[in-house]
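Order as written gives the chain letters A, B, C and D; numbering starts at 1 within each chain.
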Amino acid sequence: MTLKEQYINIRSHTETLCKPLRNEDYVSQPVYFASPPKWHLAHLTWFFEEFVVKTFKKDYQVINAQFNFLFNSYYNHAGKRVQRSNRGGIIRPTVEEVFEYRKYIDEVMLDLIDTLDDPVFKELVILGLNHEQQHQELFMTDLKHTWGHSPTWPIYDQKADLVNSPCGKLGSVKINEGLYKIGYNGDGFCFDNELGRHQVYLNSFEISTALISNAEFIEFIQDGGYQNFNCWLDEGWTWINEQDVQAPLYWIKQDDQWWNYTLAGLKPVQYGAAVCHLSFFEAWAFAEWSGKRLPTEFEWEVAADQFDWGTRWEWTNSAYLPYPNFKKAPGAIGEYNGKFMINQMVLRGASVVTALNHSRKTYRNFFHPPERWQFTGLRIANDI
Amino acid sequence: MTLKEQYINIRSHTETLCKPLRNEDYVSQPVYFASPPKWHLAHLTWFFEEFVVKTFKKDYQVINAQFNFLFNSYYNHAGKRVQRSNRGGIIRPTVEEVFEYRKYIDEVMLDLIDTLDDPVFKELVILGLNHEQQHQELFMTDLKHTWGHSPTWPIYDQKADLVNSPCGKLGSVKINEGLYKIGYNGDGFCFDNELGRHQVYLNSFEISTALISNAEFIEFIQDGGYQNFNCWLDEGWTWINEQDVQAPLYWIKQDDQWWNYTLAGLKPVQYGAAVCHLSFFEAWAFAEWSGKRLPTEFEWEVAADQFDWGTRWEWTNSAYLPYPNFKKAPGAIGEYNGKFMINQMVLRGASVVTALNHSRKTYRNFFHPPERWQFTGLRIANDI
Amino acid sequence: MTLKEQYINIRSHTETLCKPLRNEDYVSQPVYFASPPKWHLAHLTWFFEEFVVKTFKKDYQVINAQFNFLFNSYYNHAGKRVQRSNRGGIIRPTVEEVFEYRKYIDEVMLDLIDTLDDPVFKELVILGLNHEQQHQELFMTDLKHTWGHSPTWPIYDQKADLVNSPCGKLGSVKINEGLYKIGYNGDGFCFDNELGRHQVYLNSFEISTALISNAEFIEFIQDGGYQNFNCWLDEGWTWINEQDVQAPLYWIKQDDQWWNYTLAGLKPVQYGAAVCHLSFFEAWAFAEWSGKRLPTEFEWEVAADQFDWGTRWEWTNSAYLPYPNFKKAPGAIGEYNGKFMINQMVLRGASVVTALNHSRKTYRNFFHPPERWQFTGLRIANDI
Amino acid sequence: MTLKEQYINIRSHTETLCKPLRNEDYVSQPVYFASPPKWHLAHLTWFFEEFVVKTFKKDYQVINAQFNFLFNSYYNHAGKRVQRSNRGGIIRPTVEEVFEYRKYIDEVMLDLIDTLDDPVFKELVILGLNHEQQHQELFMTDLKHTWGHSPTWPIYDQKADLVNSPCGKLGSVKINEGLYKIGYNGDGFCFDNELGRHQVYLNSFEISTALISNAEFIEFIQDGGYQNFNCWLDEGWTWINEQDVQAPLYWIKQDDQWWNYTLAGLKPVQYGAAVCHLSFFEAWAFAEWSGKRLPTEFEWEVAADQFDWGTRWEWTNSAYLPYPNFKKAPGAIGEYNGKFMINQMVLRGASVVTALNHSRKTYRNFFHPPERWQFTGLRIANDI
C-alpha cells in the first residue's frame, strides 16, 4: 500500500467507527479519563495539523485558532490546553464543524503526500497514522466506558459484542535460561519505546499458551478471591475495598448468573471466552491465587512466537521503564511516550479493537495498575 | 386563558427555548448542579406522567419503564433515581425519543384536560405548569453555566444578552415600625412555602428603590472589596479565597476593561445595568462595604409595592425557613419545597428569564450562599 | 465578687479542668474542629495578651513573638495565624511553657486590675473572662470528641459522666398570640448578638416543659426513623447516608443494648436522661417524626420562664442572623460574633459544662446543622 | 556479639533516640504517613510480642488485649488494626505505659533468648531486630517531618543536623557490558527481597562516584528546572505544580539565601553537602536536566564497590519488583515485603540515620515517587 492509500484507509476507518453514533453521542464525558468521541475525532485531525501541516504546508491558514487549545492532548510543547477532565465541556465546534475540520486537513495532507518527497515528512505522517490507530482503540474503549456506565446500556452494534474471544490452545511452553534479545528489530514502523534492542538474561520459565478464561476467573471469584487479602498486593487490596470491586469491569450478577455489558448490549458471560477488563491488581491476584505468577514483559516477548496471542492486552509484571539507550526525540514528539514511564505496568499482545499492524510482539502498551477499561486479560507463568 | 390554553402555551414555550440547540448541545453536564437540556426536557414530561397521568389515566401504559429512574429529580416517594451528578451520562433515550415522550404524554394530558372535571387533577396540572415554568428558568441558567464555562463561549441568541436590565429609579422608601402581614393572600396559584399568611413586627427601615448597578459594584472591586476581610462573612471570606473569586460570575478583565459572557456572547459590562450573577456572600459584602445591609425578606415584601422590581433575583438576609403554620402536603408533592428549608437564603423579585406569572411579591426563591449562576443581584436597606 | 476575684476564679477553673490530663494528652488533634487542650490553654492567655495587655500595659514585652501567630483563633485584625486544622502540629511551646505564659500574663493582668480604673479596660477584661468560660465548655467538648474517637475510650473523671441529666417536668406550656420582646435587657454582661432588644409577633404555640429523653429517642430509632426519608430535611438525609449516622454521637450498640462513651468511660444509655449529642438534622427529624416541630428561638425565649432548662443546648428552628439594629464593634472585637451569621442554627439553653453565668435565657449559641459534639438535645413545640 | 547482646544494644538504641523527647512530643500525627513516636515505640514491642513471644512463650499472658489492635502496622494475618492515619488519636496507653509494655516484653524475650535453642526462634528474633533498626530510621524521619512542619521548628539535638554529609570523591566509574550477579550472597541476615540471586545483562555504562551536591542542585533551580516541563516525567510535572514544589523538602529561601530545617534547627544550606530530601521525581528531573540519567538498581549494585556510598538513599530508575524465584514466606511474615511491590521505586545505599548493618549493597529500599521525607539524594549515570 502506498502512503496515500494508507492515509485514506486509516483516516476513513475512524469515520467508519463513528457511523453508529448520533450527534448527541459525541460530547458527554462522565469521567475524566474517557474522552468523548468529538474530542477524539478533532484531536486526530489536530495531530496532523500541528505536527505535519504547520511545518510542511507553506502559508497554511488555520481553520480556527482555538483548535490548538481545544484539541491538544498532552503536548506541553504545543502550548496551553483544555484540561483532560473538561473535554466534555467543549460545546463548540459542533460535530459537523469537526468533520469539516477533518476534511480541510485531509485535503492539505493528501496534497502534501502527492507533492512532497521528504523523509521527515513521511516519518511524521506514519507516526500520525499510528497515532490515529491507537486512538481508534481508545475511541472504542472510551465509548464502551461511557455507555457501559450509562443507566440504559446503549447498544453500539448488535452484531459485535467484542468480548467473546477464544483463550488459545491449552498447554504451556518452556523456555531455557539464557540471554535473549529484546526490542524491535526490523524496517517497519515502531514506537520509540520499543527501540534500544538489547540483551536480557532470563531464568528458565514456563508460560501458558492459553489466556485465562472466564470459567477460571469465576472459579477465583467463587473461591473468595476478592475477599482473601493473601491474593492481593497491598495497594490492590486497598483499591478493591475502597472501590468495592468484586468482579471484572462491566460484570453484574443477576439471578445467580454473571452478565456483562458489551457493545452489543447486556449479554451472559461466556465461560470459554478469555476473561476481559481486568486491572493489573486483579490479574496479579488471580496469578497469585493460582500459585503461579504473571510473566515479565521480556519473558512474554521471548515466548510469544510459541503461542497465539492477540485478542487481549495481557498484563505483565514489568514496570513501564525505558530500555537501555532509550532516546527521547527532541521537541513535542519526544513527549509521545517517554514522559509516561512511571507508575504504569506493561501490557503485551493486542486486543480485538487494536489495529492489525499494531499487533507486533515488541509493542509495549502501558496502563496504571487499577485501570481496566481496555480489553485486558492475562496468561500465567512460573519458574522452573 | 383556559387550562388547556395554558397547558399548550407553557409546554410550547419550553420547546421554543430548545430551538437554538443542536442535538449535541443536549447532553453535556460538566458540573453536578447544572443539568443538561435533554434531562430538563424529559424531567418536565416525567413530572406530568408521574404525578398526573399515572393517577388519572385509566390503563395507562408507560412508554419506557426506565424513565422514572432516569428523570425523577429528587422525589424519594417516586423511587430510586439517577444521581444528580450523573445526568450527563444518560446516553439514551436520544433527543428525538425525548421529544416523542413529550408528545406521547401531551396527548394523554390534553385528552384528560378535555374530559376530566376533577379539582385535584386541575390543581396538579397547575402545579405541573408552574413547575415547568420554574424549569424554563433553570434551563436557561444551567445552559448559560455550561456554555459560559466552555472554552469557546458559544452564542445562544445574538439578540438577547439577557443581562443589561435597568436598575430602577434612584431613591429610597421609608417604612414605619409596625405590624405587617406576610405571605400569599389571593385566589391564584402560589407555592406552599408562601402560605401561612402571618404578622411580623418590623422596626422602621429604609430601602433603596434601585438595584445596585455594575458601576457601583465596580467601585466596590476597585476599592479592594474582594481583598478586605472586613466586608465578608467568615464563610464568604473562605469561599472567595478558596475559589479565587474576584468578580461576579462570567466577568473577565481584558485590557483593563470588564467583559462578561452573556447568552449573546462575550460583551462589555454595561455600567448602568443592574449587577448580576452575585452570590449571597458577594451581595452581603457589597452591602457591608456600603455601610448598609441587605433587607430581610419581610422588609422586601412590605416595601415591594413602592419600587419597581423584576429583572433580578434579589438576595435578602433571611434564611429559608417555614412560615408559621407551614404544612407539608402528604406524599411526593410534600417534597417539593419543605425539605429544602435549611442552609439556603431567600431571594425575592424575579429575573428576566422568570415566567411572568411567577413575578409575585410573595414568591420565595432560595439558593445556597455561594451559588450565583441564577440572575441574582441586590438592593440595600438600612435601619432608621 | 470583685473583678479581681472573678479573674482569679475563672482563670483558676481552667487550670482545674486540666488536672486529670497527662502532658501527652495536650496535643493530639485528630479532627480539624476539635482543638487540643494545649492550644485552648494558650489561646485563652493570648486573648488577654492581645486585646488587653498590649493596649493597657506600658512597655509591655511579649514573652514570645510567635505566640500571636500560634494562638490567634480567627481574628483577621490580629494578623496571620496557624490554620485551625494544624493546631495539633504545634510541637513547641511545651505544656510547661504554656503554663509559664499563663503565669506571666496573669501577673500583668492582676497588676493592671489593681491599678487601672478605666471602663474600656474593665469591659475588655469581662469579655475576656466570658470568652474563657466559653472555651472551658469547648475544652471539655473537644476533649470528649478526641477521646471518644480514640480506640481505647479513656476516662477523664470516673465520677462525672456528664450526660445523665434529667429531662424536666413532663407537660407543656401554651403561649398566646401576640407581640413579645426579644433580646437582652439588663445591666450585666451579654454578647453583642443578644442586643438590639426588639419586638416579634408570635402566633399561639405550645411548647413542652420537658426535654426529649433517651427512651423517646430510642423509640424513634426503633420505629426506623433513621431509615425513613419522610422525617428528614434533604441535606439531613444526605448527611446521615453519607456519614452512616444511625444513632446519636458516642452511642454504640452491643448485645442489643445501647451504650455511650462518656467522660467516665463507656456506660449504658440511661432511658430517663435527656437525649444528648444530636445534630440539628437529627433533632429536626425527631420533631418531624413526632408530628410536632422545633420551637423558634423567639418562642423558646418567650416561654423559657415557664420551664426548667439548662443541661442541654436545645436546637431551635431559627437561623443565626442579626437582630434588628445589630452593631458590629470596630476592630478585632467586631469579629467575635457577627461574621459567623450564616449557615448556622441557634441553640438556646445551656449544658452541664456551660459556666453558670452563661445560663441566661437570651444567650444565643450557634452551630452548623450536622455538628453534634456539644451537649445538644431538643424540646418540641407545636402550633395551636 | 551474641544474640542477647545484639538484642540489648538494638533495643536500647531505640530508647536513646527517645531521650530528647518530652512526653507531649510522643503523640501528634499531622500527616497520615508520619507515625508518632509513641506508636513506633509500642509497635516495635508489639512485633516481638506478636511474632515471637506469642509463639514461643508458654502460657503467655498479654499485658493488654487491645495492643494488638493498636500497634499492628499492616499485617492482615494479625487481625484488625487502627488505620494508619489515626495513630495520633491513640490517647491511651500513656508514654509511661508504653515503656512498661516494652520492659514487660523485654523480660520475656531475654528469658527466651537465654533458654531457647530453636533456629526458627533465632531467625525471628533477628528479623525483629532488623525491623527495629528500620523503624529507628523511620522514627527519625517521621519526627523530622512532624517537627519540620511545625510552625516553631523545634530542635531535637543542637549538635546533629544530620544533613551535611559529603558527596564523595568526584569522578566516575565505567562498567563493561556483560552478565553480572545480583542479589544477596552470604551467611548473614538479609531481607527476602534481596534473595533470588540471579544474573542480569548490563550494557556498558558510566556512573558517578560522587552524589549530587546542594551546589549542583541549586544550579538546577537557578536554571529554571522546576519551571521547565522538559525535565519532568508527566506525573512529576503534575505533582510539582499541584503541590507547588520549588525546592527540596525543608528548604526555604530567606533574603535570597537557601536555608533548611534540620534536626538542629534552621540552618543555611551547605553548598558542598550532598543534596537531601528529594523525591524520585526531582531526582529524575535533575538527571534529565544534566543530560544523563539515574542508574538502575542493578547498575548501582554492580558498581557499588568502586565508590563510597552511605549517607543518602539514592533513587534508582528501577521499579520495586520481585527478583526471579522470589518467595513469599507463609503467614504474616510473608506480608513484610512482597505485597508492596507495585508503584514504588528502588533506592540503594544508606542514610546517616540507617543502622550500620543495614548498609549492604544488596539492600533494596523503596518509596513512592513523590515521597521525600527520607534522607534521599542521587548519583547520575549514562550509557557509553
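What to note about this one:
Definition applied: a residue touches a chain if its C-beta (ideal position, glycine included) is under 8 Å from a C-beta of that chain, and two chains touch if they have at least 3 such contacts.
Everything quoted here is computed from the prediction, not taken from an experiment.
Identification of common neighbours of chain B and chain C yields an empty set.
Within the contact network of the assembly, the step distance from chain B to chain D comes to 2.
With centres taken as mean Cα positions, chain C sits 57 Å from chain A. Here the CA centre of chain A is 36 Å from the CA centre of chain D. Inter-chain centre distance (chain C to chain D, centres taken as mean C-alpha positions): 45 Å. Annotation for chain A: no residues touch 2 or more other chains. Chain contact topology: the protein chains form a single closed ring, every chain touching exactly two others. Counting only pairs that meet the touch rule, the chains in contact are A-B, A-D, B-C, C-D. Here chain A touches chain B in the complex through residues 22-30, 38, 66, 69-70, 82, 86, 88-95, 146-147, 149-152, 154, going by the rule given at the top.
Within the complex formed with chain B, the chain C residues making contact are 74, 76, 179, 198-201, 203, 229-230, 232-237, 280-281, 284, 317-319, 321-322, 324-325, 339-343, 345, 369, 383.
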